[in-house]
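The following pair of complexes shares a single chain, chain A, combined with chain B in the former and chain C in the latter.
This part shows the complex of A and B:
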C-alpha cells in the first residue's frame, strides 16, 4: 500500500508540474505585469500598485467588477437549481426523448459561448427573429437587462451543474431514505433532510463549475455589447489587451480580481462543506434505475421538448436562419444558399485551409489533453498526494480565465529568446496553439474522467498490484478498459471545443497558419454576417459528423472488451 | 517497466520544472547579453531554430529562402503573391485587426517575430518609433515620389512611411430617411436636435479606426472643446457601437438613420445597393493613415526594405486600389488614381501622430468611462 501511495506522489508531482506550466504560469505571467511591467522585456522596474485600487476609482472597471459578480452569482444560483432539478428528474424517471436531453447537454458544453450568445442576440434583438417572425416585441426589453442576461446565461451554463449532479445520482443508498420514510417522514422531508444533504458535494462542485465558467465568459458580454452595454471583467480585460495603447498591467490588475473572485467562491464552497463526511457509498449502494413515472409522463416529454427547443433551438436556429437569409435587408428577407456556395466558391481556399488547420490542432490537443486529463483524474481519484486539492483547483482555473489572458501569457512564457537554444521556442509554431488548446480542454476532460474513475474501486488496482502488475500494466489492463467509454466521450468533447477557440487562436496563430475561428471572425469584420454564420455551421456540422463517426468506429471494440 | 516509467516521469517533470524556474531569470540574462553586444544575438535568435547564429543583424542579404514576416491588418490576400512574384523574396503574413496586431507586437517585444508592420494605426506606430523599436534613418528610393500630404506625415527620422490615407469617418445617411438637403452635412450638424437618437458611431475605446476620427477633434479643438463636442453628441443620444461593422449593420437594419462610418465600410454598403449615401464634410474627414515600418532588429532587412519599396511603388498602390479589399483610400504615391467613385472633393485632415499617440490612453479612457455612466 505504501508503494501505491508513493507512485501516486510521483505522478502527483508530474501532474502538478504540467498543470503549472500549461495553466498557472501563463496566468502568473500576466498578473505579474502589475508588479513588474517590464519583466519579460528585460527591465526590472516596480509597477504602479495603485492600479489595483483603480477598480474602485475608474467607472468602467467598477461596473465591470459589479456586473461580473451579479452575473456570476445570479447564474450560479439559477443554473444550479435548474441543473439539479433536471438531473433528478432524469435519474428518477424514464421518458421518451431523455437521450435527446443528454445529447443537448453535450452540444451546449462544447459550443463556444460566442456562438450561443450570437444566436440569442439574433433572436431577441429589436428587429430580431422573435420580433419579426413571432411578433414578440417585448422579449427585447426582457433579455437585454441584467436579469434577462442571467436567464440566457443560465440556459447556456446549466449543463455543467446537470452533469455533475446527474453522475452523483448514479449510485444511491436506499437504506437511508427507507429508514426515514419508515420513521414517518414525507417524501419532501426525506428529500430535504437526507437526499439533498448527501448530494451537497455534487451540487457545490456543479455550482463552482457554473460560477467559474460564467465569470470567465467573454462571448456573451462581447456579443450583446452591440445592443446593451454590460461590461464584465473579461470584457474589460479584453479592452486593455486589444486597444492601443496596449496595457498588460491593467489586464493583470483586472485578472487579479478575476482570480480573487474564484478564490472567494472556493472558500464559500469549502465553508459550506466544512466538517462533513460524504463517503456514504457503501456496499449497500445500488445503481439508480430510472422508473416509468406513474402518472404525468406526457408532461415530462412535453416539458423536455419545450426546454430543448429553447436552449438548443433558439441559439442554433437563429444562426441557421442567418446563414440562409439574403445578404442585405435592402433586398428583403429571401432565403438563399448563397453563403454556403460562397464558402467553397472559386479559388478561395481560405476556409478549407483554416478548417484543416483547426481540425488538426484540435485532434492533437484532444489526444494530449486526454493523456494529461487521465493522469490528473488518476491523482485526484486514487492517490494520497498531499497537493490534490491544489491540482483540483488548477485544473479548473482555465475555465474561468479568459482565453486572451492565457494567450498573452503564452507569448510571454514561450517567446523568450533563450528557449531557442534548447529548441523550445514554441511561439510562432503550431505547437503553441496545441498547448494552449490543451490548457483549455483540461477542465472538461478531467471532470468527465474523474466521474468515470469514481466508479472503479481502488481495490481493483490494489489487487492487481499484489499480483505484481506494474503501474502502467495496471493502468492499461485494468483502469483503461473500464473507463474507455468516458475517455472517448472526453476526447471527443475536447476535440469539439478546441476547433472553435477564437480567443486563443487569434492571438497565437503562426504566420500563414489561418484557423477556422480566425477566418470566421474576419468574415464578420468584413460585414459578411451570413458567410460567418454559414462557416460556423459548416464547421460545426463537420465536427459533429467526425464525432459521430469516431463514436461508431470505436464503440464496437468497446463492446468486445466487455463481453 | 515500472522503473523505466518512473525515470521518464521524473525526467519530464524535472525538465518542466526547470523550464518554469528559468523562465524569468533566463530572459534577464539574455537581455543583459544583448545590452553588451548591442544588436547582435537577439536579432539572430528571433525566428526558426534552423537559423545559424549570425553576428550581423543584416547578414542574410543573399538568403532568399528564409521568409520575410509581415504583420498587417488588410490586403492579406493579394499582397503575398504580388510581392513574391515581383521580388523573389518569400513572404509570410500574420493578419488580424489593428488591435490584435498591436497587442501581439507588444507582447513579443522581448523577442520580436515580425520584420515589417503595415497597418492603418499611425499613432501606435509613431509610439513604437519613439521607443526605438523601428529601423530609422533609411530612405526608400520613392520618397520623393510621394504626394505632399504623404510627405508631411513622414517623421524626421524616417522610421515609417505612409502608403495611403482613408477617412476614419465620413457621414453616411439612409436615403429613405433623408435626402441630400435634409441629411447632416458637417460634423457639427450631428449635434442638431433634429438628429437626436438617429446617429451612430463606432466606440473609440474599442474600434481601432474610430480613434483617429476622434483624435482630430481633440487636437484641433483642444481637449476641453473636444470633450464638450462628444458630450454634446452623447446628449443627442448618439448610438455608440463597438465596431464599424456594427454601425454599418445598424444603419441597414434601420436602427439608426445616419452615422459617422469608416470610408471603406461606407462604400461597401453603397456598392451593395443599400439605400445609403455618403457625404464628405467640407471641413474635412479625419483620416486614418496606413504606414509601413521595419523592425529595428529585423534580420531580414534587405527583404524588409524591398517590401517597403514595393508598397511605395505607384504600380503596387494602383493594384491595391484596383483589386484590394480596402480599396477606398487616397494613395500616398503620385501618379496613382484613387477609385473612380470615390468623391473628387474628398478632403482628409489628420491629427498629428505624436500628439495622437501620446493622448491615446487618456482619450480612450475618457470614452470608456463615459460610456458606462
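This part shows the complex of A and C:
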C-alpha cells in the first residue's frame, strides 16, 4: 500500500511528478506523435504507421539510420577496445605523464562534441591546418569517410569506456587471482578466466555508454555537415525542423527510431548481463597500486604523449590556431587577433547576446536542476518510497536520451494551442530552454549527488530525527553540510554542460534569442572558422573562469578535518 | 506503582514475503531496562526500528505513555515521540564538534544557549567527556565516541532510550567496562531503556528483564536469572549457553523428564513442556560447565559414559571434546588436561539439563 503522509513518500511523489513532467512526458509525446500525429496540434486522427516504414523508402532517412548504426557500432567497438586497453595500462603501470592522461580524459568528457568535431574539421579539411601547416593533403580523404569519422568519434568518446573500466580496476581482490594461480593457471590464463570475466560488466557498461552517446550525438554531424555530407538520425531530425516545410511528423518518426536504437542497445546489455553476479568485492579488496614497468617504460611515456597530442592537441590546438590565423586569402599562416576583435565589434553583438543568454539559462537550470537532483538522490538513497525503482529508471533513461529527442518532445508538449489560454505556451520563450536544460542536467547531478549520499549513512539522519529535527532541518543541518562539496561540483558541471548544449539550443531557441552554441555553430556553418574558434575559446574561457571563481568562493573548508 | 512507558500489542511486520515480526506483545515500565536478545535475523532490529518510528507496522500498535504512536493507519514521526537512540555505529555527525553533536537536540527544542551549556556540563561530567567538547568525532577513540553517543541521546531527556547493539564496535576489554558503566549510569538516572543485543553477557549485565527472540517471535520474557535457569525453548537454552544437544529417547514425561542416551538414563528438567513431551525422540541440552568429569563409573544417577577425543586449553580451564557411547559429540570444561582415548563418566546435574521436544532450531 502506498501511504501519503510519510515524508519520504511526499518527497517521492513530488520527485516523480517533476521527473514525469520534465523527462517522461516529452518522451511519451514522441511515441504518441507517431501513433496520433495531429494530437498535439489540435486534431485527432489515428496515425498512419506507414510513416515508420518510410525509413526504407526515403533515401535520406535510410542513409541517416544506416550512418547512425555504422557510426554507433564502429565507435563502440573501437572506443571500448581503446578505453579498456588504456585503462588497464593506466591501472597497472605508473609512468611520467600519467596524470596528464587522467586530465585529458576529463577534458574530453566535459567538452561538447561539436567543439571537438569543429577542431577536427579545421585540422583535416581540404584547406585545413594539416594541409596548410604540415602539408598533409591526403588526411582530408582519410578523415571524411565513414571509417575516418569512426576514428574521430572514437578519439572523443573513448573516455566513457576508459572511466568505467578504470573505476572497476580501482579495487582488486588478489585472493581470487591467487587462488587461480595456486590451481595451476598461468598469468595469462588467470587474466583470461578470472580478471577479464570479472571486468566484463564494466566493459559492457562502458560500451553501452559509448554507443548511446555516439548515436545520439548531434555535435559531430552538425559540425562536419559543413564540408562532408554524413547525415545521421539526430542531424536529420534537426533538418526536418529547420528546412521548409517544417515536418514535425518526420522529426517524430526519426526520433522514434533513435529511441528504439538506444532501447535496443540497453536491452541487449541487460540480456547479456542477466545471469551475472559480480559482487565479488569483499573486505579483503585492496586498492590497486600501479607500479613502474620493468622494461619499456619509455615507450609508455612516448605513446602517451603522442596519444594526448592527437586527442587533445588536434581539436584544441586547431581551435586555438584557427582563432589567431588570418582569414583573408593568402594570410592563412599569419597570426592575428582580428577574430577576437570581431567578436565584440560594435555592429556585432550576437556573441555577447548569445553568451549572456546561455549563461543566464545555464545558471537558472543549474540551480533548479540542483534542487530537483538533490531530491531525486535523497529519495533514491534514503526514502522507502515504493516507486523508488521507477524514479531510478526514469533518471537513468534521461541519461540515455539524446538532447535532440528531448527537444522534439518539448516542442510537442509545450507548443499546444490550449496552453496559450493558461499562459503556458512555453515554445518560443526562453523558459522552454530552461526546462529542457534542467531535464538535461538532472541525470548528471543525480548521479554525482547519489554517489556523495551513499557515503552518508542513513543513521546520521535518523539520529537527527531522534533529536527532534524536522525533515528540512535534517537536510539543512546534517545532509547538506556533509555533501556540499559534491553539490558544488554537480552544480558547476551542470552549469558548464548547459552553456554549451548545442542540441537543445538548436532545436528550441526562440526567435531573436541567440545562445552561445547556436552563434558558434552558425558561424561555423558559414565557414567563418576563425570567428567560430575565437567564440568557442572566449566562451569556454569565460565559463572556466566563472567555475573557478565559484569554486573558490563556495569550496568546502577543509581546515576542520584534522584527523 | 511504576507507570507503563511502552506498550506493544499484536505487532507484525513483513518485508515482501519475509515475515520479520509476528504478533509481538509486551510492555516496559518506567525506569526498567529491557534487553532484547536473539540471533541475527530474529527481528530484534526491526522491532527497535518500529519503536523508533523508522518503520511502520503492518499490524498491531505501539503506545508510548498511553498514546498510540504507530499502527497501520497512524505513524507519529520519530522526532515527535520523545524518545532517543544510541546507534550501533554511534552515528555521530562528523562535521560537528562533540559539543554541537550533544547540543543538537536541545537546540531543536529552542532552549537558550545558557541552559544548553548548563545541561551539557552535567552530562559531560557524568560521562567523563571533559576537554573533548571542541574535538570532531573522528578524533575520539571508540569508547569516547560511544560515551558521546550516549550523552547526545540522554541530553533530550527521552521517555525511552533505545540502544541498538551499542557495544558491538568496541574491543572486548572496553565492552566489559562499558556495559557495567552503562548499567550503573542508567539506573542512577532512572532512564527507561530498550536495549537490543546478540551478546548474552551484555544482556545479563544490563537487563532488569530479558526478552529472547527467535524467527520474529518472543520465546521468553523474564528476569535474566529465570531465563538462565529455566530457558523456555530449545533455542533460548542454546542462546544462553546450553551448547551440548544430545538426541535421546523419552522414558518418563513430567517436569523432571527422564531420557535414555546410549542405554543410560538421565533425569533432566522440562521447563514448560511437561505436558507436550509425547514424541519418543527428544533433545537433552546442557552447558559445558554444568557437568562433572569422573574417571570411573559409580552407581550414582545421571551418569553418562564418554570417550575423550581432544583437550583444548582456554586459559583458565580445559575444554574437552568427547563422544558418547552412541557417537554423539559433547564438549565440557575441566580443570585439567585429559588425554585422548581416556574413558570416563560425566555427571549431569538434573536441574541444569533441559529436555525439549525435538526440533530443527
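The definition used in the following text is that the second predicted complex is superposed on the first by the 371 of 563 C-alpha atoms of A that agree within 3 Å, B and C clash if a C-alpha of one lies under 4 Å from a C-alpha of the other, contacts with A are read in each partner's own complex, and residues count from 1 in each chain.
Simple rule for what comes next: a residue touches a chain if its C-beta (ideal position, glycine included) is under 8 Å from a C-beta of that chain, and two chains touch if they have at least 3 such contacts.
Fair warning: this is a prediction, and the values are worked out from it, not measured in the lab.
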Chain B versus chain C as contact partner of A:35, first or second or both or neither: neither
First (chain B), second (chain C), both or neither touched by A:464: second
Chain A residues touched - chain C or chain B, whichever exceeds: B
Partner chain in contact with A:301 - chain B first, chain C second, else both or neither: neither
Touching partner for A:512 - first (chain B), second (chain C), both, neither: first
Touching partner for A:544 - first (chain B), second (chain C), both, neither: neither
Chain B versus chain C as contact partner of A:473, first or second or both or neither: both
Touched partner set for A:204, first chain B, second chain C, both or neither: neither
Contacts of A:482 with chain B and chain C, given as first, second, both or neither: second
First, second, both or neither for A:324, with chain B first and chain C second: neither
Shared contact residues on chain A - chain B and chain C: 470, 473
Touching residues on chain A, where the partner in the complex is chain C: 3, 5-7, 384, 457, 459-460, 462-470, 473, 477-478, 481-482, 560-563
Of chain C, residues touching chain A in the complex: 52-56, 75, 77-80, 83-85, 87-89, 91-95, 104-105, 108-109, 136, 138-139, 152-153, 156
Residues of chain B that touch chain A when the two form their complex: 1-2, 5-6, 9-10, 12-13, 16-17, 19-20, 22-24, 26-32, 34-35, 41-42, 45-47, 49, 67, 69, 77, 92-100, 102-104, 106-111, 113, 121, 123-124, 127, 205-206, 208, 211, 241-243, 245-246, 248-250, 252-255, 265, 268-269, 272-275, 325, 357, 360-361, 364-365, 368-369, 371-373
Residues of chain A touching chain B in the complex: 10-11, 13-14, 17-18, 20-21, 25, 39-44, 58-60, 63, 126-127, 222, 225-226, 229, 231, 239, 241-248, 327-331, 350, 408, 411-413, 415-418, 420-421, 423-425, 427-428, 470-473, 506-507, 509-512, 518, 522, 524-527, 529
